Every structure is written in structure tokens, then in C-alpha cells.
Amino acid sequence: MQSQEDQGKDRDKGLLEAALFLAAKPLSRTKVAKILGDVSLTYVDCLLDELQEGLAAPGHGVKLHREEGKALLQVKHGYIDAVAHLAPHQDIPRPVLRSLAVIAYNHPMTQADLVKARGNKAYGHVQELIERGLVRAKEHGRTLLLHVTDEFLRYFGLSSIEEFRFHIELPSSENEADKMNR
Amino acid sequence: MQSQEDQGKDRDKGLLEAALFLAAKPLSRTKVAKILGDVSLTYVDCLLDELQEGLAAPGHGVKLHREEGKALLQVKHGYIDAVAHLAPHQDIPRPVLRSLAVIAYNHPMTQADLVKARGNKAYGHVQELIERGLVRAKEHGRTLLLHVTDEFLRYFGLSSIEEFRFHIELPSSENEADKMNR
Amino acid sequence: MEQIRIAEVPIDELMTESWEGTLERLTADMDPWDIDIAELAQRYRQYLDALRELRFEIPGRMVLTCSILLRMKSDDLLAACSTDQSDLIEELEEVVEETAAEWDEPIEPEEFSLPLLRRPRRQVTLEDLRLALTAAMTVSRRRAERLIDRMKDDEDEFSFFQIGGEDFADRLRLLFAKIKKLLSGRRVVSFFRLLERGDKEERIRRFFEVLLLAAQGEIDCYQEEFLGDILITLEGED
């Protein structure tokens, strides 16, 4: 028979899984601690470690991604292409993604050039991309020089920016144009 | 070492988990079969059985809900109250939501029946739900007949009232393994 | 004696009030030892009417209370002395309690929960990024093309004002005649009086013609204030 302690831990593990499953945004450790009933952060970390390890095993399609004290469930890289069409929402808004693509393709690139290509809204996109850690900016005369970050490479499962360029050989076929407007 | 067959099955289990994780709507067995690469429905059922059994164990906060050939991951009933606030659009007070659930489940239903089921406070709930555009009321003899609106379906991301019935959680179903296999 | 007005009672209170509470409210201004049953029955009916007007459901026990009150009233009116009112009140209490007991226990359904909405957001794939780049480039190309088109349009518009053609010389002559006519007896004429339609295209064309007449020394133009009206006089009139 299960001890009471085990039962309590099972309940907490279940609660953690339920919370991560439902949350639309990454959950901070302190938020998790609160949901579990004001438990210690050490205990939260312990539960997160166990969950992360468990999901890392083969047979799971979802992994626990942790970053800067926040945790979030994500589809494993190997499966995303096969199931992406099931989720109507993506976590980077389309216009921001377009600006990111232009930066990555021209990497590094000045903010001034980006704005020429993408219009004034690109200033806001750069801010959002910096906040997400996908782009960093360095002063460069009167404008900023934009680079993609290691987090960018990790996010897309790339080993280098060259690999990205290799992947995105620009298509020329007709039906690509339809796809773009999706 | 793992056999090739086991590896293939692990991949399929992972893919199934990833698909169910990303899909906000119930997935049909045929859709799952397609995602797995046009496998047989028997094989899909087998994978679903395994996943369902695995999630039913303590320590999981999510369960597999199956009905009429469709499957959907859901937060286990016992955890809903603790994590509901993390879901988007939880701005309707719980008691009002319960009245809305009763209306939707019995849709259409008279206000008189609602009050029988939910007590006098339901009058106020109906007012609030009408103001939010989730319910509309038509005169019906000496009482009102309550319908949920298209806005209700939109709000909950549902395509029909039947889909809502699929989502409905009855606490008694939690432990009924046979019900799940319908 | 000030009567209780239902319209002044907050809706929430009306809805949640017990039948005893309602009776208390309706008899608040009466002598507890000498309740006017006729008056109370009257008020109770008004109260039910008010509820009906607010489209509230009227619980059966309220209707029952009202009917019993009305019966008490009729008993009262029909030689009341022989009727033992305390019996009636007891009867009222009993029946109302019984009915109310049924009402106070709403049939609790099995508790439903509404679906907990999820908004699963998937991470963006490399393919998404590739399509985003293609789209961005297409948009950027379209923007450049639009810019070139606009510049071409500007050139076309400019050719419309080309100087030297017959029409243009004629137009200048006509305009000068018009200015002279408008100026007869006046010292200055406003630029705006030279316009017929007043749209942007006409204003630009007319302005261009006025500048040419000035350059040819036929007229003088000046503004009294920055960005103000252009005033036109005949050359040498000042």
C-alpha cells in the first residue's frame, strides 16, 4: 500500500502536470509553488526535475522546457512537423516571425535596413524578439545591429546560422506563393 | 537493446501524445491513424488504450477522454478547481459558469427548470449570462426558455452544442474504465 | 402611514427574500396587534405584480401565500368574529412551510464543469520560418513596386502640366481674362475665387497657372499670412 507521503506527492505531481497542461504561458516556479499550496521552491524544482526526466524517455511526444525559472510543456522537436497543423495558434505572431526571418537571413543586419524592408512596425517586432531572447541588439552608429542568439538556434534545433541558410533555399515554385499566405 | 519494432512503437506513442497535446479539439481515430502514417484503426485503439491506462495512474493530472471514436486530453476532475484559473477566459465566476453548464447541457431549457436545479441565485446568473451574450431568453408561457448563443460556442471554441456535450465532465466517469472504451 | 413601495426595494433583496421577510416588509407600517388583512392582501398582490413586471419567476409558495392572504381577507370580511384567526395563521404557516421545504431543496444535478479552454500554442518550425521569409520578401518586393508605380504616376501627373502646348497657352489666356473680370472695380482677388470645383487636382493646376502668369509679369501674388490665402493683383496696381 502507498504511504500517505507518496499519495501527497502523487497529488502534487498530478497537479503540476495539470497546471502545465492548461497554462497558456510558461509557469514560474513561484506560481507552481503557490498552486501546490505554498510549498518550497526546492520541492517544486524536485518535482520539475522528475517530470522532465520522465518525459525525456522514449514514448513521450512532449517535453518539459525550462528557462529562467519558468517551465512549459512543448512538443518534442522530432514530432512538431507532423502535428503542427493541429494547433491553430503559434507562439510567435506571424508578422513578428517574418521580421525574425529577415533578420536571420541577413544576419547580422541593421535595424534601419530591417525597417526599410518591413516598415515601421518592425521596431516593435525587434523589441518583442529581444524580450523573447531570440535576437540581441548592439549599438551601431546611429542605428542598432541585430543578431540572432543561441536561443534562436536552440529554438529551431539548429547548430549554426549557416544551417538555417541552408534550410531556407528560397523556393521559386508557384504553389509556394499560396502557402505563404496561409 | 530495443528492437526496431519497439522503437517504431515508441515513436508512434510519442506522436500520439504530441498530437493530443497540441489539439484543442477532440481527435478522431481516423485522424490519429493518418497522423501516424495511415496505420490501422486497431493499432490506434491499442495505442489509445495504453495511453489511457498510463495516464489513469496516480501522479498524472491529465487523463484521456474517449467518446464516440474521438479522443481528447483533459485535466482530471479532481484538479480542475486548483488549476482552472490558468486557462484562458476564466473571467466568469464559477457559480455562473455552473449555471451556464446546466443550460448548455439541457439546451434549450426553461428558466424555471434552471432555478429548480440551481436555486434562486440562478436568476442573477441568467441576467449576467444574457449581458455577456452567452445565453438568450425567449418568453415561453409564464417562464423563459433559455438557449446558448453562437457567442457561447465561439467563446468556448466549440463548433456545435454536441461538441460541448463531448467535453462535459461528469465526475462519476473518472473511475469508470469501461465507460472510456465506448 | 407610509406605504412600502416595491419599486424602491433593491432587486437583489426582492429575489432572495423569504416569504416571512416579505410579509414583514409589507406590514412594517402596521400595528403588529392589528394587521389589516385586506390591506396586506392588496399589497401582496401588488408585490407579485411587481415581480412579474420584472420578469422574475414567481415561486409557487409566494402565490400560495397570496391566496391564503386573500382567503383570510374574505373570511375577515365575511363575519370574521366567529373565525379564529390564530387557526388560520397556523394553517398558513403550515402549508407555506411545507411548500417552502420543497422549494428550498433545489434538485442538485450532478455537478457539471464547462470545458476548460486550452489554447495550445505550438512552437514555430523551421518550415514556418522559411515561409515567413518568403512572405516577407514578397511583401517587401510589392512595397518597392508600389513605390516605383507611385513615382511613375507622379511623372504622369507632371506631364499633364507640360508647358508649351496650344491648350496650355489658351488656358492661361482664359485665366488672365477671368482674373481681370473678377478684379474690375477691386484691388485684389482671392486665389480661391479662381476655382470651380475646388478639388486638389484643380487647385494644383490653377496654382501652377497663377505662378506662370506671375512669372510672365501679368499679375502679382502675395500672402498676408504664412500659409494664408493667395491674393492676386494686376501687375503694377500697387
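Each chain carries a letter (A, B and C) given by its place in the written order, and its residues are counted from 1.
The rule we apply is simple: a contact is a pair of C-beta atoms (placed from the backbone, for glycine too) under 8 Å apart; a residue touches a chain by one contact, two chains touch by 3 or more.
Since the model is a prediction, treat every value here as computed from it, not as a measurement.
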Using mean Cα positions, find the chain sitting nearest the overall protein centre. B
More contacts between chains, B-C or A-C: A-C
Farthest chain from subunit B, going by the mean of C-alpha atoms per chain? C
In whole angstrom, how far does the Cα centroid of subunit A sit from the Cα centroid of subunit B? 27
I'd like the Å distance between the centres of subunit A and subunit C, where a centre is the mean of that chain's Cα atoms. 40
With chain centres defined as C-alpha means, what is the inter-centre distance between subunit B and subunit C in Å? 36
Which residues belonging to subunit C are in contact with no fewer than two other chains? 116, 118-120, 122
Subunit A: positions in contact with at least two other chains: 21-22, 24, 75, 80, 83-84, 86-87
Mind pulling up the subunit B residues that touch subunit A in the complex? 2, 7, 9-11, 13-19, 21-24, 27, 35, 58-62, 73, 75-76, 78-80, 82-84, 86-88
Show which residues of subunit C lie in contact with subunit B when the two form their complex. 12, 15-16, 55-57, 59, 106-120, 122
In the complex of these two chains, what residues of subunit C are touching subunit A? 116, 118-140, 143
Can you check the complex and tell me which residues of subunit A touch subunit C? 21-22, 24, 74-75, 80-81, 83-84, 86-87, 89-92, 94, 97-102, 104-105, 117-119, 155-158, 164, 167-168, 170-171, 176-177, 179-182
